[in-house]
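Each structure below is given as structure tokens.
The two complexes that follow have chain A in common; it is paired with chain B in the first and with chain C in the second.
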Partner chain A sequence: MGAYILRRLIWTPILLLIVGLVTFLLNFYGPGDPVQIIMQQYQDPAVVERVREQRGLDKPVLVQYGIYIGNALRGNLGESFKYRGQTVASLIGKRVWVSSQLGLAALILSIVLGIPLGMLAARWQGRWQDTSIISGALLFYSMPVFITAPFLLMLFVLWLGILPSHGWGGLFDLRVVMPALILGLPGIAFIARMSRNSIVEVLSQDYVRTARAKGLHELRVYWHHVLRNAMIPVFTVIGLSLATLVSGAIVTETYFGIPGIGRLALDAFFARDYPIITALSLMIAAAYVLANLIVDIGYRFIDPRIRYD
Partner chain B sequence: MRSFEEEKKKRPARGRSLWIYAGQRFMRNKKGMVCLAIILLLYGAGIFAPLVAPYGYDQQNLGQALKAPGWEHPFGTDRLGRDVFSRVIFGIRTTVIVTVAAMAAGGLVLGIAMGLISGYFGRFIDSVIMRVGEVFLAFPDILLVILIAATLKPRVTEWVRGLEGTVGIEGIVRSGFVDYMVVFGALAIVSWVGMARVVRGQVLSLKESQYVMAARALGASHWRIIFRHIFPNILPPIIVLVSVGMGSIAGSEVILSWLGLGVQPPVPSLGVMIWDNGDISILRTTPYLLLFPVGTVAIIIFAFNLLGDALNDALNPKIR
Partner chain C sequence: MKAKTVLTILMALMLLLVGCAKQPPAGGGELVRLGDEPSTLDPHLTSDVDSAVIVVEVFGGLVTLDTNLKVVPDLAEKWSISSDRKTYTFTLRRDAKFHNGKAVTANDVKWSLERAADPKTLSTTVDTYLGDIVGVRAKLAGESQEVSGVRVIDDRTIEITIDAPKTYFLAKLTYPTAFVLDRDNVEASTEWFKQPNGTGPFKLKEYLPGELIILERFPDYHLGPARLDTVKFFLGGGTPMVMYENDEIQITGVGLADLDRVRDPSSPLSKELHTATPGFQTSYLGMNVSRPPFDDIKVRQALSYAINKDVVASTVLAGRVKPAYTILPPGFPGYSADLTGLRYDPEKARKLLAESKYGADPARLPRITLTVPGALGTAVGLDLEAILAMWRDNLGIQVDVQQVEFATFLRDLDARRLQMYAIAWVADYPDPQNFLDLLFHSQSINNQTGYSNPEVDRLLEAARTEPDETARFQLYRQAEQIILEDAPWVLLWHPGEGYVLIKPEVKNYLLLPIVVPRYRFVYLEK
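Up next, the complex of A and B:
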């Protein structure tokens, strides 16, 4: 176990370095000259060259990347091209809080709705309730945000008129419900499907029959014997669903006018604001890789039957 | 006494009959057949769009602008009086081209090749391919598609312009061919990893099977073992993955169009139609402009997923 964790821990920073390099190269060879973007309408050749030198943009690309990583490790992610005088760290810092709240809300929704739906489907295994929950899960599991958003907006905002459609007011504001629901739908579907299959499998185990045979109350059988074992695979899925949360956030935040990192990524992309794009890619990749690392290791603690090699 | 030849003739080929059983199981699956019919119908309409669509995709009629759906225009008309139904059909054509080409290049060619090499030869090359795959998986896929498409597009366009200049052919850039190439390229680069991982896992387990050992003992070449003995046996999961992957590529095309990286207007694509009308005010006034293209993409994605599910049931019966 120690060797496994150690190997993963060593590989993770290397992986992130490569991810950063790929982003850096894509930006470097992408269209547009960063100095021209910084200078905007002031295009005096002498000044352009001076700025290029000042920012270290005249050096070979690998040297630039090395300098960038060195600075990033000290918490300096550079200065935005578009928002003059603002550091990338401060620009991201402001928005990352908003995005994590939205992501958290979506994650909570997927767990709170997904697991009970899966339990219900398993309870009515083979009946119409099961079929409809599983078909629904299959429908929403792979539906991108831009497809579910218009239909849910029609339903909740235009027809029922019970939810606001736009804006952001934090985690405890009614305006979080729509985007969180839309963002969380694939997760709800995925977790419902996973928990249903997992519970059905556990229900056929001998120890469940034994628990029932010795006269335990059905609720106790579920709580102590079924759920404990059935939730283990579901737990890993939560780490995977983080990826969908991030990609969904780019569209959702733009759709609902939420000032998060998804929105920032999009603006930076259109403005060719390379420092922000690189920093965001690195950050998102780091979050994703670390989350999966934690889930992977946690998984092995929760379920000692798993072997690690 | 019957000769061996006669005996051989009497017995049906075993490998083939497994596929026939799978086909029969699939035909019995109502859900799967309906999805297959829907996909064939939509893809057929897309491929033969000029014949099927009642109007041209850029045929304007300002006198008929913003008509609600009716007999003449089943999906209504947009601001320029263009028939939304025809535009959706031509949009499906773009989806057909993008999904088929990106899947062929990314999942089928890159993914299977990488998975086979990785799983069969193992060791160093396996580690390299799998580590590269992990790098691709660490990126949120949308972000990577965006980055690649944004970087590739100007370069490729520039290069093709230069080619046009030297060869003397005009209009390659204008025809939208370059846009398609960039979209395929970006989607292919992102979509191979999943396929490669599945193929690798399958190959790893098959490599130790007795019939592969037997083939090796008889002196079969690597090439022959891979394509005669391993490949036919890993086809079922590949078929399932292709079906599911087609749906997700159809979704990614919409995102690329949203960022202006996809197919450029006036060539219609469902993505362009969705983002041109992706506003709550449109939903209030003329919802059909948005809901028909969105619904079409939703049906395509859903049908491919259900089809994948049905194929999985038919091809891997033991998993049930």
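Up next, the complex of A and C:
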């Protein structure tokens, strides 16, 4: 197990180097030039050339990448092109924290509501409760943010007047409710459907019949024999979605005026803000590597049959 | 009148004056609105409206624009211009102070201009706004430490020499690139602009990127302190109409989708609706005059004559824009209301097309592709759809639309690769030179249509140095008339803030077509 984790960890920086290089190449060879965007319609070739030189953009792409890696290893991720004079670290740091908190709130909501709903649906398999939970879940899963957000805004802000319409105050602030609900809805639906299907499948296994035949209490059957096995695929989904915590949610964040990473990422892309784009790619790639590792290690605890040698 | 009475009145007056000085000005409180994230708060790096709206409130320069858009004194109380019209001598105000109380001196001005021109500052606007000053280009090229055209005479006197007589030079000095900074403040840290020591009517009280900006009144402001205590800008976005109706913000623009509901006389909101004057900008379809079929002036004119902009503006765009018939927007210095431009005349359009070298049969016309900037698959504007339909109906011309993401669009525009493109020009400073010379002089780098007319060049060059304003504007008028006739652009709109909702307690919020310091005039009346 230890050797396995070590091997995975050694591969991580190599993977990140590759992700960084691909990002750099795409930036370099893709259309659009950050200097042109800053200059808008004032395209004095001499000025564009001067600014490109000042930003180090005139160097060959591999040299630029080498300089970037060198600086990054010293903890310097550079300065934003768009937000002039501001460092990438100061721009990203706080926003990642905000986005992760919001993502976490949504994730907790989807687990806390999704799994019990799935269990209930499985319990009443084929009956009207099952159908309504699962079709309700499907409905919420398919509803885009630009429908749920205005609806919740109308309900909570304009009619009931109990929630502020925008802003951010952390996990323990009323303003987290609506965005977390909106981001959590698809998660609730997805996890509910997945848990239901998984539980239904496990319920038909022989060992469950054996457990029941032994005269075990139904709750005990569920807790010890069904859930533990049924949760493996659900756990995978939850684990992998940990990575999305840092990538932010563009539409929801914009709708509710939340200073998260999503909006910054979008603006950075359109402004060809290479330092921000590269830093975000690396961060999100690292988050996926980490989430995968967590899932793999987690399996070991849920299902002792799984071994890594 | 007896001496005692006079004395009493005098004392009463003095008390009143003392009272005024001590008490905060009436109408204070907090104004709250949405704002867009500024790219920077460093004036010398400012090149966009989102940054400028904050920067002009916190900082200032030698001169500024008043609400009538005239160049007026700011840190300088007066100036004189030499007889060759190349040297400007500014006298600084005695009471001009930075926010920390330090007096503004001529050395601060010199240091600031040299900092803007320092290649290490990475300013992208310095060439445009300060490039006329002798020595700025040498400093930018790294050939000189100083800017030779800026000379300190004494603490309160500074002399600026430019390379040729240019009447519009003063207007350029109102842009943030020419603003005066405090050297100690700037050299204190790399992100100094998050705790700036400016000279403007407001201090930056709080800046949380992505969240909010709070401006606070600077009580010693030399042009008269603001009445508001604070101005709060939410930067994170949100849903403006909901926030306005929920009393979370006091000012918001109204989009096309909400306009009918807000305009409905039975809605209480209709009483809070204000119409903004059109902004100082002109949107247009540029045509590359060297690419067929736009190499024929008659094709270009026909396209302009074939569209009924009045109808599109009033119906499709619900009156949120003003149809453009001139290049200079209404109200802009040098604007000539009597220039008629090319007005809707489908008969004439068909006739012109028939007379062109391509003939009346649209099938013989080279394919036309209109490139529009856009992102995330946004729809082509309804106005463009209507115009394309008019070309089809009136001339039988089918124009293809190609949507390109903005960064790519700019690259192709710069390389003059686009045959026809949709874009707008926004005024940087209130002088006709900013539109006509920059966009239509054959040697200008901003002339993306490749338009060239020696007579226009001659008029524009004469206008650069003409000292008399009336004569100068007359030259621009003649140039504009010729350009309109040559039709390198299909003029579209002078867009503006359109409709704006303002809460009744907010008084004297001026809807101005250009970025100028405006919050110091606002007050609240509960």
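The rule is simple: the second predicted complex is superposed on the first by the 224 of 309 C-alpha atoms of A that agree within 3 Å, B and C clash if a C-alpha of one lies under 4 Å from a C-alpha of the other, contacts with A are read in each partner's own complex, and residues count from 1 in each chain.
In this text, a contact is a pair of C-beta atoms (placed from the backbone, for glycine too) under 8 Å apart; a residue touches a chain by one contact, two chains touch by 3 or more.
Here the structure is a predicted model, which means the values were calculated and not measured.
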Could you look at A:50 and tell me whether it touches chain B, chain C, both or neither (first, second, both, neither)? second
Looking at A:274, would you say it contacts chain B, chain C, both, or neither? Reply first, second, both or neither. neither
Chain A residues touched by each partner, larger count belonging to chain B or chain C: C
Touch check for A:85: first (chain B), second (chain C), both, or neither? second
Just to be sure I read the superposition right, which of the two partners does A:255 touch: chain B = first, chain C = second, or both, or neither? both
For A:68, using the defined touch cut-off, is the partner it touches chain B, chain C, both, or neither? Pick first, second, both or neither. neither
After lining up the shared chain so the two structures overlap, which partner does A:264 touch, if you call chain B first and chain C second: first, second, both or neither? second
Just chain B (first), just chain C (second), both, or neither: which does A:190 touch? neither
Which superposed partner A:141 touches (first chain B, second chain C, both, neither): first
Does the superposition put A:164 against chain B (first), chain C (second), both, or neither? second
What part of chain A is shared between its chain B contacts and its chain C contacts? 31, 150, 153, 157-158, 165-166, 255
Touching chain A in the complex: which residues of chain B? 131, 134-135, 138-143, 146-148, 150-151, 153-155, 244, 247-248, 251, 254-255, 258-259, 274, 278, 280, 283-284, 287, 290-291, 294, 297-298, 301-302, 305-306, 309
Looking at the complex, which residues from chain A come into contact with chain C? 31-47, 50-51, 54-55, 82-87, 90-91, 94-95, 149-150, 153, 157-158, 161, 164-168, 253-260, 263-264, 267, 270-272
Help me check something: in the complex, which residues belonging to chain A touch chain B? 15-16, 18-19, 22-23, 26-27, 29-31, 138-139, 141-144, 146-147, 150-151, 153-154, 157-158, 165-166, 243, 246-247, 250-251, 255, 265-266, 269, 277, 280-281, 284-285, 288-289
As the complex stands, chain C meets chain A at residues 37, 39-40, 42, 45, 47-48, 119-120, 122, 124-125, 127-128, 140, 190-191, 193, 208-211, 234-239, 242-243, 245-246, 248, 375, 405-408, 410-411, 413-414, 423, 425, 445-446, 448
